[in-house]
């Protein structure tokens, strides 16, 4: 018997990807998966791609989760805290939602509303010292998918003092799975195919998390919905503080990282190359005209941006190699 | 008999869209369309969407163009000048290529190589006083599709002194038709669908044109290839110089424009709404965190970005209402 | 003052396309457009592509429609009859819904349920003698989009006795706009992009209409949802009755048709070439192995399959050239 | 040291997917991968999704392949035989090309031209007795991707005498990766996105293979190119011979198959659910109107249709469980 795992909120896209990864994980044994409206349904009715996983979705209540050694919460924002409070203190939890990411309760209140649920260990193992903190943690807050992408691109440059934190400009485009599985008219295929649309321009709820995780003090972040199911491409620009080579800074930061890949000079990240993987691809240059640093990062929002990252964190929490059950290789084309 | 029109380079995407527009134009009579490798083929073999236009593509040589009152050049970059030199001085010409856009011959040499062909009247009628210049011109250089998008978003703000010209950051994504119709491996559907990929990061050949047309003095421009056939979405940010309302500046600049639409507050441009039209949609705000101005512009790269703009310019050159044969309405979904 | 036109049900995809076509129609003057849940909203909020059309959606009630000389009903199936009954007998009506298509009330009851609303003149002018009937009619039932595609491919072959009516096999794929604009989970972009999915296999509600319009007596019809916004591609096969050349039959049937195009031998229809147009493209051959007739038809489900066809019918009803305000040319790529 | 594996023709899409699968295979050790024009390049330049696989593509010559215990040939059609003839008789070979599939040399000559290379053991382990033949074979011919899809749908029904072999009608749509990676204009993203296009209608080179593998004696097969990177959806119809339940026949045929999944009644296969997996999803019904059997099959043309099937065959050839290194679970959305 391996480590007993439960997934709460398994009917969404991140939940489905998590179940796919867990099915191939040699140490984690899925014992239950829960849902809300779709409780009682066979898993492969809700996720036809998971054919052969013989499982019926349970109701998302603490009783079905308490036997697990490891609980993944893939619930709508605002619903994790209540469930987490009813789980044993010894159960390790990875929260894929936003509830426990922010250190600043005021920022939570401003963008999400309602009481702040508290701050858990931030689940981005590539940040300096963070893998050790995650390994020691019982509760870990997975990052947002945009925050993961932007932080991997920017944090080393700010930490190294190579870029100005006060005037960071980010435009990031995401595939539609990042917007969830609820039936909304603006997410219909007829609306999205052939279309690029910006949203929440000038005031996105992920700004506080991105600033917290990157160290940026002034951030213009414009998210764009792109006509593809998965993938985030973030273009991050900042003013350099001096003549430092951004590639050298990134190369050093990720020298030992199994999942963050600085591409050879001249090759730029693109999202399809990361599809289905836990990889983040990076490239950087100095803009010839403006002199700005430009860093581009690509990852799979359901992979390194959500489910893959969650498994990576869980691996660390259980003392496993962080790559266990994860792949760097994309499913392309 | 109306105005006799020739299209040189009709086999590409801009050429095809131009023929579609000309077929519905009440004053322009298409008399010839030319191509290079596909000369001698029926038009609807090369452009199956133009079924019913009974035409065979001629060779692109001056002899077949000299009878026309109006010549559109939709040729590869670098090939317009030689053809134009052999056309009658009285023939009005709109060049959809890059050859005659730049005022600065050095910039041409740096990004395109070869001798600079000279500078023609810049074909963006929405710039102050430009419609009059175009109306008086015999030779007009259509803008690049990125340049059109970004200039419509940015030029009024810089002209009004509302934004700093020295630190403009643009990320713009384009559909694949902007990359042309030549068979290249990285433009294959298998590569592009499900993918976002940046290209020419840090050194794009359109930077000089964008700076010239907008008045920006420092520009970081990152283009991205998006998985859709048409459309450009440009996110333009700049530091404000004071408390001016960017919407008010844009509203005044385009109050009388039939094709540039500042959307009602709260609605953001998206590319699909402009598909097949000559419209550009705009919206602007002040970023809550950084205080930067953010302007987003969307247009159809083959419409207002190329063929529609060319017809609009030609209308002006012949004293016709600039909307003749053009539509503001998108073909959506 | 031209012909006063009203569109009931303008918020859907067919309604939007109809408004786009009407805006460019020289004889029809749109006086009102109605909706249900979106009544009271500005038109360009509901259809951002119709920027510049200054109109507010009215409530779909008979009172706002009675002044019109021509009423288009683009309502959900089952809602046309009640409205039509309250309009003046002199008002010409084109119903884009299914309510009045079927001659057989039992077939209606079996597939749609509820009382049968009655049978109107069938709106496919390309059927023999049908243009004259439409011209004389006050009430016309637009065809379904699948039925239009399949009927244009098959009806001439059955009418000419060139194919067996008892064993027709059709597989037809449609873009997502054919499934409507209501927010449904299986129509989300995340579900549809990269996916082909058959639906209602073995029992589709359009079978009776297709049989009625084509003359087929035995029909296997499998519809497939395709990852594109618009377009239907129907592959129609039937056993030949003798050595007749299917191309010759189709060429004769559509010799005078402005919108149905039999392609030159060797070129096959594809949907993108019809996008935004009122064209149907056809090609036929004899299968080398099985000896079956294969006819492939492509059209735009919102064009010739819905809004374009409706305008074509209305043109006939008012004695206008049937091409008025319509184009054969596709918006491609 | 495990089983030494070579991949000849690694630069194409099937080759890339094969390398991805081999990287996760516990028994097969990739020792070399070859290419033609891209020989000498780093693997991750050619396949950016395979970041981290440290390999340089060798030239496709026998010398670099002779050390391998297992050779996968993913070469253009017609190139396998010459290479295979120069490999040791003891080396196990799986040919992903068409060269060795057909038993009938005349059919080869008619559709492919050139001399017939001979017939190898047919690589579809789900056919009765075929897994045993593959296990005993030194040379195995992978099936074509269309043939795999159609055969899995149809062969059991014909073998059971439940369907007439003389009048089988198939329409099958494929994603673009099935058309290969060579830069061709009709495969450009601008052409394919938003488009469905049939091709080789009435005379496709895969007809002989499909007839041979299914037992059909008369076959109408119409292939369609669909706007998605991967996936095949085949709609197969045939006349029933009697009242047999097609679901029961398929259920029995695949009762022990790890990869062929007959879906629960009412759920139809769709391609996205098989993406990245080695699964084939099936469903069947009797058409209400025509009485025809309809079977729909979906699979990933690069998975069960090519690279996954090749690994499955190789597993059998080496006495490994056929599921080794393969997954039934799709990467969706």
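As written, the chain order gives the labels A, B, C and D, with residue 1 at the start of each chain.
Criterion: a residue touches a chain if its C-beta (ideal position, glycine included) is under 8 Å from a C-beta of that chain, and two chains touch if they have at least 3 such contacts.
Model, not experiment: these values are computed from the prediction.
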Practice item. Consider the two chain pairs A-C and A-D; indicate the one with the greater count of contacting C-beta pairs. Key: A-D
Exercise for review: Look at all chain centres (mean of CA atoms) and spot the one farthest from the centre of chain C.
Suggested key: A
Check your understanding: Between chain A and chain C, what is the separation of their C-alpha centroids in Å?
Key -> 44
Study note, to complete from the structure: Cα centroid separation, chain A vs chain D, in Å, comes to 34
Study note, to complete from the structure: Touching at least 2 other chains, the residues of chain C are 13, 175-177, 190-191, 193-194, 227-230, 270, 272, 275, 333
Study note, to complete from the structure: chain B contacts chain C in the complex at 13, 16, 20, 23-24, 42, 45, 47-53, 176-177, 193-194, 229-230, 258, 261, 263-264, 267, 270, 272-277, 279, 281, 327-333
Point to revise | Partner chain D, residues of chain B touching it in the complex | key: 13, 175-177, 179, 181-185, 187-194, 227-229
Practice item. Report the residues of chain B in contact with chain A in the complex, numbered from low to high. Key: 167-169, 171, 173, 175, 190-191, 193-199, 201-203, 207, 211, 218-222, 224, 226-231, 233, 235, 237, 239, 268-272, 275, 283, 285-292, 294, 296, 298, 333
